[in-house]
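Every chain is named by a letter (A, B, C and D) in the order it is written, and numbering of its residues begins at 1.
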Amino acid sequence: MNVTSQMLVFLIAIPLFSAALLLLGGRALDKVGHIIGTLASTAAFAVGVIEFLAMLGRAPENRAVTQPLFTWIEVGNFNVGATLLLDQLSVCFVLLITGVGTLIHIYSIAYMSHDKDRRRFFAYLNFFIAAMLLLVLGDSYLSLYVGWEGVGLASYLLIGFWNQKPTYATAAKKAFIANRVGDVGLSLAVMIAFVQFGSVSFSGVAEGIEAGQTSSLALNTLGLALLLAAVGKSAQFPLQAWLGDAMAGPTPVSALIHAATMVTAGVYLISRSHFVFDAASVAQLCVVIVGAITLLFGAIIGMAKDDIKKALAASTMSQIGYMILATGLGPVGYAFAMMHLLTHGFFKAGMFLGAGSVMHGMNDEVDMRKYGGLRKYMPITFATFGLGYLAIIGVPPFAGFYSKDKIIEIALDAGGAKGIILGSITLLGAAITAFYMSRVMLMTFFGAKRWEAGAHPHESPALMTIPMIVLAIGSVSAGFFFNMGDRFINFLSPIFHSGESGHGEKEHLLPPIVVSALALTAVAIGVSIAIAKYGRGKAIPAVAPSDVSLWTKVARRDLLQDEFNETLFMRPGQELTKALAVIDEKVIDGAVRGVGSITLDVASGLRKTQTGFVRSYALWITVGAVGILAAIAVMSL
Amino acid sequence: MPAPKIEYAVLAPVLILLAAGVIAVLVEAFVSRKYRYVIQTTLSFSAIGLGILSVALNKDVSGRFAEGSVAVDGVSVVLQGTILVFSLLGLLLIAERGFQSFTAQASTLPGSADEQRALASGLQQTEVFPLTLFAIGGALLFPAANDLITLFVALEVLSLPLYLMAGLSQRRRLLSQEAALKYFLLGAFSSAFFLFGSAFLYGYAGTTTFEGIKVQISTAPGNDLFLLVGLATLTVGLLFKVSAAPFHSWTPDVYQGAPTPITAFMAAVTKVAAFGAFLRIFYATIGGMVWTWRPIIIVVSILTMAIGTIVAIAQKDVKRVLAYSAIAHSGFLLTGIVAFNKSGVEATLLYLATYGFTTLGTFAIVTLVRDAGGEVTDLNRWSGLGKRSPLIAGIFTLFLLALAGIPLTSGFVGKFAIFSSAYESGNISVVIAGVLASAIAAFFYIRIVVLMYFNDPQEDGTSVMIPSPMTAIAIGVCALATLILGIFPQPVINVIDSLAIFVAG
Amino acid sequence: MNWLTILGLLPLIGSAAVFLLPREKEVLAKQLALGISSLVAVAGLAMATSFDRGVSGFQFVEKYSWIPAFGINYGLGVDGMALLLILLALILTPVVILACWNEAEGGRWSVKTFFALLLILETMMIGVFAATDIFLFYLFFEAMLIPVYFLIGGYGSGERAAAAVKFLLYSLFGGLLMLASIIGLYVVSGDQLGAATFDVSELQKLSLNNQTELLLFLGFFIAFAIKAPLWPFHTWLPDAAKAATPGTSVLLLGVLDKVGTYGMIRFCLSLFPDASKQLGPTIIVLSLISIFYGAFLAIWQSNGDIKRLISYTSISHFGFITLGIFAFTAQGQSGSILYMVNHGFSTAALFLIAGWMIARRNSSKVADFGGLQRVTPLLAWTFFIAGLSSLALPGLSSFVSEFLVLVGTFVRYPVAAVIGTLGIILAALYILIPVQRALHGPVLPGNENLKDLNLREKIAIAPVIALIIAFGFFPQVLLNVINPGAQASVAALNIEGDK
Amino acid sequence: MSLDYYLYLSALLFTIGAAGVLIRRNAIVVFMCIELMLNASNLAFVTFARMNGSIDGQIFAFFTMVVAACEVVVGLAIIVTIYRSRRSASVDDARLLKL
């Protein structure tokens, strides 16, 4: 049934080749570098669209298409082929990555126009696209792993793009290390898969689970390992400390990597390994817990951040918490997670680009307390940011409403106490999201001008606003388009067999209408509190007030996540290193030198027995003679 | 009582050398000073040449001769051959005219007017040649002795000339005379022990011949007091001669004090002779008592190796370092005795051959490094030799690597053979000790190499003499032997294997 | 046609030729050395083409009797593993000669002696991997120390003499322990096989009682554990690597240390299977300690000396190799052999580039470099790629081998594999911290006008970087050569539960 | 009076000689003590010859006397040279060669 196509490899090859070309090209390509980069991304998007249309043309059951390239590693019966797989799940991602990616490429042409290293920036972006595509197109956990770390490297390079500033370089290193902690989970998962099922490809593992070859313990460990990987990459609790600092990278990077694509890789991994989580109940529960915690964690931080990018990053963390939560709610959840992922991709990327154009106008000022009343000066940005804002808080016609609402619904339907808790958390999350997003809107575009001297905001050039507009349209229409006649759910059902469980007849804790009403009231509450606090001419102090509740102080410091990591891992690590260095120097090397010096001391000691007196030599001879006599006597007894 | 039957052909080597010694004394007495050196050298070299020839003729002789007092068999042939070859090389060094190693007139007072006059006259007293010939004669007889009397006489004929030769050095005569005194007193002291031991052995066995003792041991294995005392004190005498551990104290002082050619001669020839006697006594005579003497020899061997290698690290003088290295090598040779099997005999003979060449070579090079005041033996002044004369330093490094037992040199083949024979006999403790000792030994050998190559030469007048033909030949032969025995030891091993059988089993 | 002897002799003749050149003709000496080593490399590759991949036994076998009395014969032969390690040596030597073109200036002796010593070292390297006769192997094992000793002692920097002596004595001590075991083998083979022999395939037929086998195994194992520095025996490596010229360190760490791990597979596993199985778990623990110990100290060195840092990373990598060997699984074995080859290239790249950085800034403190990415982008990039291969980034060669080692260990010792996998986090730390200190951040004073890589350096480093990337995507080229041998050696151990 | 007493005497003489070597300082006296040890062995030889009824012992005694004589010649020559250069025959003065 597997249909093969020769086009898949171009998806990866084009951006990879162009990245290499731009990097090796050197100064010669400076003038034309960005165009090559954008063209490469568009070409990839084109191939993606062609494959998508071809897929739609085929009957649902043989929509998946594979392209075997070469056997990568083959030792004993550890056999890993480098084959690419494009099925319904990965095509969504391909389109998202290449689509949003191309828009961001266009945006970056203008945004990075003043930077002399623009060519290198585009090279990194193309490398990222190639790595992300490899991640989603790999047909085995190992080729996924290659994409996984490739994406980690790309984010390291892009976050640390301006690494002449030490803080940015540290942020990049922090991101890579956090990802590496996650990657440990992924490599363990691959090993468990190999040992349990003898194969590391998704199909192999799926068959193995269906054949019931393994114990539930093995399955749960596999699930938890995959969860650790997802947590590392998608900045979920407890490995979420790096996302805030990742904002050190240029804004298009934050838009592409830390909003739309890379951070959602974790969700992709969990959905791709749905057969593992469906069979490993403990792991699935943990997924839900992690999702719920991060959801609240991100939201709380979002409320306290004055830096516009950090606020949006916190909101991304929280929205991905929603998606992870959804994937933990059984087969039906995967599709809704995917839908929320796509819609989030649109409006969050749009808002980040909006933030970028605001910063562009306010000569790179990120503190919202220095903004205010910008709507008149940057109308398009205001409009696109506004539409994104409406989408994210879940106002009905917009995309966010459809996808987030469904997640709240299935959270409530999770049944029993679990359903109520999850439902209430998601609702509370929706309220807080509404609050902090409105806070961002009000502080940036409304209220009195709190600009610094010499700031004269202006609208961004066309190259920046067009992508924003496209994304705004996406965030408006996507929700409605996906939801028409459950088109999106049916499209994905062959992958997740979510169709059989029939999302319709399951009994609901509350009818869908009531759920939507509840959600809207939560949103309304959030917005009204925000307006009360920040709207209608309220004086927003230019400097963050310090006499605030303990909660705000803690939230401002990212709920002490960095302090937690430092005290638990960094400082003991440094102490251990210092101690080991001392041990290595003193104990082991000392022992070796000690043996040397002991022999020398013994040598000079023995040397002194050579007194030079004939009589002492004679004494030695007599002593020796008596010794031998005694020995022989003893021996002969 | 029929007249004793002496098989002159078989005893030819010993007789030739001793006769040459006598003639040399006559030459010393009657020939005028001018020609004395030429005659003495030709006499000595021809005597050794004839000796080698006669030993070769004895190749397939195996039996007891001169009324059972001398046993000529494969082992003694190999030993005598090695002794004669080493004496030839030693004589090359002794006969060196380029620089005066020996005092013009031994009887003159150090620093006195007539000493200056004797030196000024340039005429060299050549009594060192007869002494050497007598010593070689004794050395040839010692391993072939088959009777306690001949053994004792051979020991004395070997040792007495050496005591005198130790005192003949031209530079630093006080040191040399002191070395002679020490060597004499301690040598006499230990030969007294040796005599006491042989007396009690005779008392136990009723006869002085070795096979008599062997028969007595095998028939009456009772732990007779006489046998035990005799065995103990005899071993003391032998261990002293071989400079084993508790009895080694004389070696460093004597090696340092004696003139370097004589030290070379002593280090090579006396060691071969002493171990030859060791083999004959411990393997062929008191073999029956192996369970009594083997643990003692193991302890002594480990002690010798340890002292030889460890103390050498702290030495400042080249000759003393080489003295301790000689002690260490005695320790390694004792493991051959401990092995007490056929491969043990072969390994010991092979080790003696390889070790002899290397030691002779090293001491020959020590004679070359001189300054205005004679030989330079202070190690610090040897620094930068590699820059001063790369060839000599290169050969010296080759010898040091051989002494350390690095592969591709003869030292390694010897060590490998002797350790595997010890391992074969099940005495693994000795092998482990040997391996550890060579690790420590490697340190001080390499320390000298570091000194020569990695330090800059000090401007203190030390210079490397261009060796005269004689020393050059000696060094060349030793270096070649060390390399060939290292890379192609097969022919020499074949010879030793075929000959390494004691008379009558 | 005895390839191996010719391959071995070529560099020797070359080194003699270089040595005989007049002292002041330095450039000619360098060119001659480069020519010869490239010629040998080409010959080696030609030989490799005619290597039959399917067979697991020795190929290009030569056997001439040398000292029959001791049963020693001049036996040469290569299987997959040995062939690859020889090729590693053949490729690295010309790269080193080209990279260290003017590194030999500060030496005690002439420049031509430096290059002559390098060529002698190349012969020794070929010999040690090609020897099938244990005595011949021991011979090269010991003789190899002498050229390295003179290279470190004569041409290094800092207190080079002390480091050289420490290296020599440490390895010599190991060698002597091995000699004791060889003697044991020789004697036992004499009793059991009639004629005492040193041939590896013959000695495998020996049946030893447990106690002696353990003793002999320890003799070999400690010698190899010193050579490939396993945890307690490693203190000589950082000193030697710091004191030696970068070129010498490349050969020392890249190829010579592999003799240790190669020896473990070739001799410890095949001759003493029961002892290896018995001591397997302890050695696994030692390897894990090595991994973490090396990693932590490498992190510590990031505010110290860059050469010591790279040598500590190698200690950590060697921990992985021994982990793979003593996991006794097909994946573990192939992974560790592949690891030896990959580690050779990644360390070579790291050391050469570090050498150039030091040569430019003439200080080897990591803190002295800063903002190199701005000043010398190409140098920074090659260092970054070499660093990535050292932290086993997928897509580069080391990842494949490291992953195979971990999977192989997981099959038999899951807990050890989990702990080992945690090591990759430390790997990221000990590479990214120095990368950040040296390459990122503002340009420190004194670094402004450093020149980027010149043509010679580019030609030297290009093949190594290319191979690192190529073997990342197409490791099967190497694995086809390694697998038969590795599988045979694991099967010989006949342990159950092998995947 | 069995012959063993002679052996005890010989052993006694031997130990006295050895002790003399260790204690006395003058070279000549040390040398005389060594001669005493040699004569102790002679006594032992003669006693054993009597016990074993063979004359080998006595022959050996002759040889020891000859050897002792040679030793005297060589020994005194060395001691005299030392005395002439150092004006003292004390054994303890000879300690230039040490360590």
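Definition applied: contacts are C-beta pairs under 8 Å (C-beta built on N, C-alpha and C of every residue); 3 or more make two chains touch, one makes a residue touch a chain.
Given the structure is predicted, the values throughout are model-derived calculations rather than measurements.
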Quick check: more C-beta contact pairs in B-C or A-C? A-C
Centroid spacing, where centroids are CA-atom means, of chain B and chain C in whole angstrom: 45
On a C-alpha centroid basis, what's the spacing between chain C and chain D, in Å? 66
On a C-alpha centroid basis, what's the spacing between chain A and chain C, in Å? 38
Distance from the mean Cα position of chain D to that of chain B, given in whole angstrom: 25
Indicate the residues of chain B shared as contacts by at least two other chains. 181-182, 185, 189, 193, 252-253, 443
Would you give the residues of chain D that are in contact with at least 2 other chains, written as numbers and ranges? 18, 21, 30, 91, 94-98
Considering chain A alone, which of its residues make contact with at least two other chains? 607, 610, 612, 614, 618
Touch graph of the chains shown: is it line, ring, star, complete or other? other
Going by the touch definition at the top, which pairs of chains touch each other? A-B, A-C, A-D, B-C, B-D
Which stretch or stretches of chain A touch chain C in the complex? 23, 70-78, 82, 142, 145-146, 148-150, 153, 156, 160, 163-166, 169-170, 172-173, 176-177, 180-181, 183-184, 187-188, 190-192, 194-195, 198, 573, 576-578, 580-581, 584, 588-589, 592
For chain B, which residues count as touching chain C in their complex? 406-408, 413, 416-417, 419-420, 423-424, 428, 431-432, 435-436, 438-439, 442-443, 446-447, 450, 453-454, 488-490, 493-494, 497
Listed in rising order, the residues of chain C that touch chain B in the complex are 66-70, 108, 138-139, 142-143, 146, 150, 153-154, 161, 165, 168-169, 172-173, 176-177, 179-180, 183-184, 186-187, 190
Parts of chain B lying in touch with chain D, wherever the complex brings them together: 106-107, 109-110, 148-149, 152-153, 156, 160, 163-164, 167, 173-175, 177-182, 184-185, 188-189, 192-193, 195-196, 198-200, 202-203, 206-208, 252-253, 256-257
List the residues on chain D that touch chain B in their complex, please. 7, 10, 14, 17-18, 21, 27, 30-31, 34, 37-38, 40-41, 44-45, 47-48, 51-52, 54, 56-57, 59-60, 63-64, 67, 70-71, 74-75, 77-79, 81-82, 84-86, 91, 94-98
